[in-house]
Amino acid sequence: MNFPGIGLLKGFVVTARNFLGSYVEKDRLTTRQYPEERPKLPENSRSFPFLVFDGEDPEAGMRCVACKICEKECPPQCIYIIQDRDAAGKPLKRPRIFDIDISVCMSCQICVEVCPFESIRMDTDYELSSFDRFGSLVLDKSKLLKSNAYYHGIHPTEASETDARIEADRKKKEAAAAAKAEAARKATAEKAAKAAHPPEETK
Amino acid sequence: MICESLKTCFDDPGKFLGEWFVLLPALVLLLAAAAAVVLRNLIHATLCLTLSFIALGILFIALGAEFVGFVQLLVYVGAVAMLIVFAILLTRPERLAKSDTALSGLGPAGGALAGFVTLGVLLGFLFTSPIAKKSLPGPASAPVAEIGHALMGDYKAALIVVGVLLTAALVGAAVLAMEDKNS
Amino acid sequence: MTEILEAIQSAFPSADVGILTNPSPCAQHSLLVAGKDALDVAKFLRDGLGYDFCSNVSGVDWPPKKVREVVVRKETVDGVESEVKETIEREVPGYLEVVYHLFSIAKRLGPVILRLRTGNRSDEVSLPSLTPVWKSADFQEREIYDLYGIHFEGHPDLRRLLMWEEFTDYPMRKDYVAPDDYEYEPTPHDEILAKVGPPKEVA
Amino acid sequence: MNVTLDGETVVKLQPVFGYLHRNHEKIAEGNSWLAAVPYTDRLDYICPLTNNWAYTLAVETLAGLEVPERAEYIRIITAELTRLQNHVAFMGFILADMGAWGSALMYAFREREKILDLFEALTGARMMCNYMRFGGCRCDLPSGWLESAGQLVEGFPAFLDEMEALLTGNEILLARLQGVAPLTPERAINGGLSGPILRAAGVDYDIRKVDNYGLYSRFKFRVPRGRVGDCYDRFMIRVLEARESVEILKQALVGIPDGPVVNPKAKQRGFRPPAGEAYGRIEGPKGELGFYLISDGSDRPYRFRVRPPSLINLTLLEELCLGTKIADVMVILGSIDIVLGEVDR
Amino acid sequence: MELLERAPVELKNAFLRVLGSLGVPEGMLAILSAVLIIGTVIGVFLGLFALMSVMERKILARVQNRYGPNRAGPFGLFQPVADGIKMLTKEDLVPRAADKVVHFLAPVVMMVPALLVLAILPYGRDMVPVELESGILFFFAVGAGTEVAIFMAGWASNNKYSVLGAMRAIAQMISYEIPLVISAVTAAMIAGSLSPSVIVAAQGGFAAGFLPHWFVTTPWGFTAALLFYIGALAESNRSPFDLPEGESELVAGHLTEYSGFKYATFFMAEYIGMFAICGMFVTLFLGGWQAPLPFLTVVPSWIWFFGKVCFVAFTMVWVRATLPRLRVDHLLAFAWKFLLPMSFAAFLSAACWHYAGRGPAAWFLSLVVVGIPYLVLGLSFTSRFSVSRRTYLFSE
């Protein structure tokens, strides 16, 4: 029945249900008391990038080879890589300086996509606020490096897929290396064999 | 005299207050009315006028006529003061701060003269006419019910006439407002 | 697209309207209209052919560019007729361009693309505004005026849309150099780079 | 906006833009095609996934890429979820503009949080999703995502009924919305309005039905149209469209096939589309969101133009507001539903 | 329980007797007792104000499915202390071009009526601070002072938003005062006197054992209560009628140029004004300190009074959480075209109820006399916004 004021009453009924409901139903009280209750983030949520290293020693096990693809592809250009050189000045396959300026980074995860060596991944730690605007907002290599075990901790499925891919690449490389070594050995064997019989042909 | 009245204040505050209480709102009334006339800033003048209305209301209550005092407060402070303020606001918003009608030289003298003449006539009338001779009637303790009966009883005609007058005035105001809206 | 061209030419024999082919696979060809009779063509398109919805108005900047062409020239060298391929460098003069995408709501027809070109990029930069025909072009033309500097005659209220009034330059042009007098904000990476110093050349 | 008043009624109204202008188009022309995708999230930050889709659709028409079926289904599911949370948020915002002190807003945001959690589980971020790639999507649905999306869509009509009980019959809301700023269909079309506002004015034009992009022809859904075109119609159209989106979602969640998520042939990093230009557009929650791209064959777009529905829907704002009261200006601006990220780009 | 019932009064007398024995002169004792009463009343209402400013935010929050302030103290109960300190420490800006004197006086003039009005409310069985014969009239007479204060605040701030806000506030308060006064007079007419304690006494007793004689149970009483409630909302500038200072486009109406403690005084005056008008609503229609059920009279009367006041205040917050704001012309049209005729109808139906012998037959008669105008006026008012008329075309 449509007597004037019925719309207002229905509105009051809804607000009353929500008021009483907030004491009863869990769904009607959605605030999370943040410092006490930490939100449970879904598995592939991302905050800022970090570098993965295998094994124990961060420096040695680092996967990054300073190919600078992520530095080129990063939309806001917030990654700085300077390649390491050994004593003789020959460039090494390792970055000496690897800074990410997280005050500029917009956590868009393109660096993770374009990295051919699976060396950069997205972290889930979001409590990074600091008092010092410059120093602590530029994460240098030491702060960025985190172990593969940590990576398995935060993104289990993605980490296992990455490991499987790396396993597959390594096996393929070994197979290729073995095949090449095999071919090289066969070639040397033929050369040796040819060297052994050259006198007959030249008669 | 002051210490003696202070003494009475201690032992019987009611009587003490009764005596002085009447004079206080009257004094405020006079001062506010004077200020309303003298002040240059129109809005300040209106506020002082409202203050004088309030003082008049309190004076009635002090003299015991509660009903009349409250009606005075309700009607004058609630509606009439607002009416005056709205009128000022809508008519001359721009030159409001400084009212240009300064008191020219002749003004104050003429004003004072007129004031004293009326005062003289009033006092003369007060002391000579028979009505004033009767002693000041005690605080009118007419309860509200009696006023109601009186209004509905023997003053019926007056009430209806006032009602008609008021509606006529309202209708007139509405027509006036209607007119300048579509002009 | 060709029947639209015929319709326009039959309606306005004097107008010079041409078709620009679009090499991309989606083949959205466009109508190149000279500035002087743009208004008539626009009115005709709206009332005659029913394109009443001007969805998008974009400005494009084509700076002058060098085009190397291979020209075959006949040359008589000591009596012998021979064709000589010669690559000459031709300088194509730059111009500013406004592109209108028109749709028909009732007939649900696809985009008809109208292109207007200015004389050059410096002094002849005025074009007739099509806001009287389609009101939707109002803000978009103001934006093109603001970012490209194309002056639209007949526009009801030609002011800068996004930039502040005193801004003089046109930021979307290819040759726009961002003034570095904006309040210099010391960014962390300057300090870091200063500390690290320029990458050391090989000693 | 600068509003000149005569007492209560509006005499002149001039919108002022540019406060959130970061020249999105110049940035896109400086970066590669792939790097432009995260910036499209920041255009209309309430509906990031539809922005991504519009950009990737334009690039696909430019380069002629096909999109596998599973990717098309995921795109439709995420786009309809975005439309749902945008319309629900709209209901909350317009009530807050009218002074209902945020209760409708909080209910709307309670439901919107659930949808944003779904986005976070899928793309990694609640609002800055950066999820679509040329020729498909970045990653496949995590396990259990479809079930939770199904549950959400299951519970949504009940929530919409609750919101309608609170809002549509409310006499004060009717008094404030009905008859305010009516719009004729011809004026709406000429003013370039698009999306729910155009349909509220009575024009039957929904790009999902007109262009039939992205397998929308496979789903059965209706397009509501208003008759008077005033603020109340604009409000009701969004309420009815939210219900239609729930219908589409129900059908899409059931029918999603298996298969690759991205076109294997499409190259993401050094992507160089063939020279040429293309204009791709989708039916965004706020209106027709289009991208006009010119490529000269290099790995950077030559010209990157966004057709912002919020800015163009404001063209008729002054016309609608003349002669109304101040309280109405708030309601009219609210009913057009703009996001400043998209207005100023 | 009798002791608890008389507790406040007994406490006062005991305290006075102690003082009297200490040799304080008789006259001074009278003044002291007056000061004591005033002190307790203001103390109670300030406490209620503090509690209300927290409870309002908590109730609003609970309606919106969130917690509301719970950080300052247990369950956020120290929030008013925090707000108070904040208000005290905030800088008190006075705009240069403002009218300093009037700017300063406005909150004072606003506070005076809010406190004066508390004097005549009957808090308990015979606990009325000032036993006035025409208490209701006093209530409205003093209530008119708030309009002057709002005008002074609006005008003194010398900024166009506040003048606009003040004009709207005054127009709203004047046009809502009439239905307010008429619905109050209806209750007074039935009770036969203007003094609040007589009105509350008239609502004593129980019909058929459990139905209390409150005026709200009668149809005319219910409509008059509803009109009084709507008038009360408008009078204290709350929820659907908070046009003057709550508008999203009027910044803060007449309060725009106020900050620091002056703003807090306005805030306090508004809340105490709200409590006072809730108290009057309870006195007129919900049977003041009468207990709802016969066996409940054992609970002291002043607990009933403050319980009912808090319940009415809760409904005011509930209304604030639900309804959007009215537009100015709707506000005035609603007052003059709907509330005024309805209050006359309620007045008439009260008279019919009285002369038809106050029995069940009279109940239905007054229901009819009030129901018909409600339906006629209501339908004519909402006929313009027919919800069902709006059908929407769907295309496949």
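For clarity, chains are labelled A, B, C, D and E in written order, and residue numbers in each chain start from 1.
Keep this in mind: a contact is a pair of C-beta atoms (placed from the backbone, for glycine too) under 8 Å apart; a residue touches a chain by one contact, two chains touch by 3 or more.
It should be emphasised that the depicted structure is a prediction, and the values quoted were computed from it without experimental measurement.
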Practice problem: Could you tell me the least number of steps, going only between chains that touch, from chain B to chain D? | Solution: 2
Quiz item: Touching chain D and chain E alike: which chains?
Solution: A
Exercise. Name the chain pair with more contacting C-beta pairs, choosing from C-D and A-D.
Key: C-D
Exercise. Can you figure out the chain closest to the middle, judged by Cα centres?
Key: D
Quiz item: Which chain's mean C-alpha position is the greatest distance from chain C's?
Solution: B
Quiz item: Taking each chain's centre as the mean position of its Cα atoms, how many Å separate chain A from chain C?
Solution: 41
Exercise. Could you put a whole-Å number on the gap between the CA centroids of chain A and chain B?
Key: 84
Exercise. Round to the nearest whole Å and give the separation of the Cα centres of chain A and chain D.
Key: 31
Quiz item: Once you find the CA centre of chain B and the CA centre of chain E, what distance in Å lies between them?
Solution: 29
Practice problem: Mark out which residues of chain A touch at least two other chains, giving numbers and ranges. | Solution: 4-5, 7-8, 11, 14-15, 18, 28, 30
Quiz item: Hey, what residues on chain E touch two or more of the other chains?
Solution: 63-66, 321-323, 382, 387
Quiz item: Mind pulling up the chain C residues that touch chain D in the complex?
Solution: 22-26, 28, 52-56, 58, 60-61, 99, 101, 105, 108, 111, 113, 134-140, 143, 147, 160-164, 171-172
Quiz item: Which positions of chain D touch chain C when the two form their complex?
Solution: 17-18, 21, 23, 25-26, 61-64, 186-187, 189-194, 203, 205, 210, 273-279, 281, 288, 290, 292, 294-295, 303, 305, 307, 311-312, 314-316, 344-345
Practice problem: In the complex, go through chain D and note every residue touching chain A. | Solution: 31-32, 34-39, 103, 107, 110, 113, 117, 120-121, 124-125, 128, 130, 138-139, 142, 162, 165-174, 268-269
Practice problem: Mind listing the chain A positions that touch chain E in their complex? | Solution: 2-5, 7-8, 11-12, 14-16, 18-19, 21-23, 28-31, 33
Quiz item: Okay, in this complex, where on chain D does chain E touch?
Solution: 8, 95, 97-103, 105-107, 110, 166, 168-176, 178-179, 204, 209, 220, 222-228, 232-233, 236-237, 240, 325-330
